[in-house]
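What follows is a pair of complexes built around chain A, which joins chain B in one and chain C in the other.
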Partner chain A sequence: MSFRTRQSFIELAARARARALLDAGTFRELLGPFERLKSPWLALQGIVPQADDGVVVARGRIDGAGAVVLAIEGAYQGGSIGEVSGAKIAGALELALRDCERGVRVRPVLVLETGGVRLQEANLGLASIAEIHAAIVALRRHVPVIGVVAGVVGCFGGMALAAALCSCLIVTRQARLGMNGPEVIEQEAGIAELDSGDGQEIWSLMGGEQRVATGLADVLVEDDCTSIAAAVRRAFAGGAPPRSEAIELFRARLAAIDPQQPPTPAELRALWGREVAR
Partner chain B sequence: MSTAAPPLPSGRGLCWFQALSGAPGLLPDGPRTVRGADARVGTEAVRVLAVVPDAGNRFRRVRHGEVGLEEAWTLAREVRRVMAADREQRARPIIALVDVSSQAYGRCEEMLGEHLACAAAADAYASARLAGHPVIALLVGGAMSGAFLAHGYQANRILALDAPGVLVHAMSKEAAARVTRRSLEALEELGERVVPMAYDVRSFARLGLLHKLITGVDADAPAAADLERVRAELAAAIADARAGARDLSSRLSSPTARSFRAASVAVRARLAEEWDAS
Partner chain C sequence: MEQLKFSYPARSPVARRVHVGVVGSGDLEILLEPSADQQAHVTVTTSVAGFAVVWRHVLDRFFSRFDGAAAIEINDAGATPGVVLLRLEQAAEALRE
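For the complex of A and B:
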């Protein structure tokens, strides 16, 4: 083990995260903040829009090959997806697809830090998330699409589906991944269903370590820029069929579950251990 | 914080499913919540799929018509069964009949990968579309959030009945009011000012995401003439999908989309200009 200093990836903002994943000196931002493509809907509701709408689109190289990194800024509106931020992600993936169809491979990486749809842009956020799903499914046939969920926000809502559609999903112990945020479940189903204040319970259900241990994510990494960048590079060599196509496996697993007496998170690790999953 | 009362189960999905297919559509090896059968539209057979309420379902979080784990995985399997069956012949159209109140909100669902299940369904519909199956969503009731992403939002063309109760949104009105601490009246007023925030299908139609709004049809008790009308619209949408691209680009090309999704169009145009370094 070398004695290099650990550099936290989680503490970095989206722009620095994208830079950390690309080969040194190759980062080039598209539609950067100086172009001021902001949400047209937030000011109508008294919310200050941000000049990049919370998404960084960066072209560059990964191991010398052309790449695009789409990094969501969790610190702006909870990383929520509105019309502009969603179009930046979907549009970039569509261009990567166009290049791949022309025989020019582009390596796509999504850095997901998001609560899902931005509620102030509701239907346009949801529509753009559907377009992101469509682009990932089409692009994945040409090149692995790599997802990274590092933390602090985690990855929820429609963007958790985007994470699940990725060819390879890399997470840290600080990542959370799920359909519904704990607060929403508590509100909609009651505190007897889930106590969103019980951190240990939340982490045991949807934390990065649990997701990898139960085969719902692929790679567990330390919160370290070099380790995460290396995991991304290794992921492009992989070619496992996507988890979202493992229909019979998951239907059989669900059939064996009694929802009145579900397994504990620890028991689920034994039942769904990832050696079996892929 | 008060807990939500469950939504009233809607009968529209099953009503339209039976009216179109003439069958209950129970699957021999599926949950009662997912219905699938062939129906005749114009001169050809189409596969119709719906998610319906089931008061006695073993997963209690899907008893009001929500899309839960078994629903989403079963939709994925049914779509892929159609793809497999049609591999050597003309790709059958697939109709997603949409009346879904939400994804399932539950502890067990989160632990077992509700997000992955919904991703698998979206993946299947997108893959069918890319394989040349005309995928048409017909909205007859709620088209909510993650449930719509899993069941309908990957369609080539989206049709909707112009009727009260046909709603599209990222979160149910009651839940959104609780999350954003606004009254229902305030949310409705906001929807009148900010179109993507509205729930009603006429506002949704203004965003350019809908292929056609079908007016003058009784959504709750369709008469023979109503059915004929809807069959004709389905046939027209199928023909239009067959003649068009297999991606979702039609959602950005209409004059309505160019006006209300101007930012979505502009972001893509600017990204394309900057994609390759000059």
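For the complex of A and C:
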């Protein structure tokens, strides 16, 4: 696709991303910035709060069916999940679950741009991430739960687990997905383990293309609003069981790897790429 | 972190609410809505303390062209004066749309 006709999804802020995924003209925000549902903890620690705590909850339609998009704003505190931002996501998923249980299907989409838990809110953020995990697992029995990791932040920590629990995970080449981020790995294990300034190395390990090639994400799309919106719609049509239900497959894969002799990214593709997880 | 408050005289009423921007590094968010009285009120929460005079200058310039009776909340993550003014103009433009 040419540069001219492409409209970058990555460059959009969370609110515009949610709007781009919903059917035109159906975007309706719940608990928007004027509700001023901010973090009560950040100001106490000298950090300027954002009026929506970095999460956009948008109701609307996807292919005419009721939908809820939960978009994390990566530019605010690294998309970190605190008590309020986490509760907004968990609460919206739980409401979607209640609707599904009453026979009203709501299509949930998570736009994940997050470093994981917000360290300033520690246990409260972790508790809300656990609620998000539980809600995804409960909800995906009724309706596919679709995750999108576009970039620039990527998706890490407890929210990478949330991404892994999704029924279908859509990523771009620019996306990164992993438990620990490169900076954390370098800080904890040293630069010999991973140089967080080496973009090529990082993307070869945890970039979107590698994650799809090794079966840890499902769909690789270009950074284009129309392409990503179309991939989300196709994902709702698919009914494959979620990857995280294939527990024995992943146990066997991990057991076959010697951590003392870790495979290169290319070797991992050869090992895991041939078998389809689902 | 520092909180600053400013008031300006206003002539025209503000009809609706506008939200622009993100509290990302070097950026800010603005929540603009009708004020309760016939004045404009600005509340700034900024990550960078000690720049009250610069904020005053930037807001003086903005309100030399904007006369809406708006309550404006600014949550700032170290935006430069140029970015602040651009975001304010963006909010004013969204108000006119």
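Here are a few things to note about the model shown:
Keep in mind that, in the parts below, the second predicted complex is superposed on the first by the 272 of 278 C-alpha atoms of A that agree within 3 Å, B and C clash if a C-alpha of one lies under 4 Å from a C-alpha of the other, contacts with A are read in each partner's own complex, and residues count from 1 in each chain.
Keep in mind that, in the parts below, a contact is a pair of C-beta atoms (placed from the backbone, for glycine too) under 8 Å apart; a residue touches a chain by one contact, two chains touch by 3 or more.
Because the structure is predicted, anything quoted here is derived from the model rather than measured.
Superposition note: with chain A as the common reference, chain B and chain C can be accommodated side by side.
When both complexes are overlaid on chain A, the residue A:A75 reaches chain C alone and has no touch with chain B. Looking at the superposed arrangement, the partner reaching more residues of chain A, out of chain B and chain C, is B. Angle at chain A between chain B and chain C, computed from CA centres in the superposed arrangement: 110 degrees, to the nearest 10.
Once the two complexes are laid over each other on the shared chain, residue contacts for A:P33 go to chain C alone; chain B is not touched.
Contact with neither chain B nor chain C is seen for A:G25 once the two complexes are overlaid on the shared chain.
When the two structures are aligned on the shared chain, A:V48 is found in touch with chain C, with no touch to chain B.
Touch criterion met: A:A13 reaches chain C, while chain B stays clear of it. When the two complexes are laid on top of each other via chain A, the two nearest Cα atoms from chain B and chain C are 16 angstrom apart. Of all the residues in chain B, the ones that touch chain A in their complex are 1, 3-4, 58-61, 69-70, 73-74, 76-77, 80, 103, 105-120, 122-124, 126-127, 130, 145-146, 148-150, 153-154, 168-171, 175-176, 178-180, 190, 193-194, 196-198, 204, 207, 209, 247-248, 251, 261-264, 266-268, 270-272, 274-275, 277.
Looking at the complex, you find that chain C touches chain A at residues 1, 17, 19, 22-25, 27, 29, 31, 33, 45-47, 73, 75-77. Within the complex, the chain A residues that touch chain C are 13, 32-34, 36, 43, 46-51, 73, 75-77. Residues 28, 30-31, 35, 37, 39-41, 44-45, 57, 59, 83-84, 86-88, 91-92, 94-95, 116-117, 119-131, 133-134, 137-138, 141, 157-158, 160-165, 177-180, 184-191, 193-194, 205-206, 214, 216, 242-248, 250-251, 253-254, 257-260, 262, 265, 268 of chain A are the ones touching chain B in the complex.
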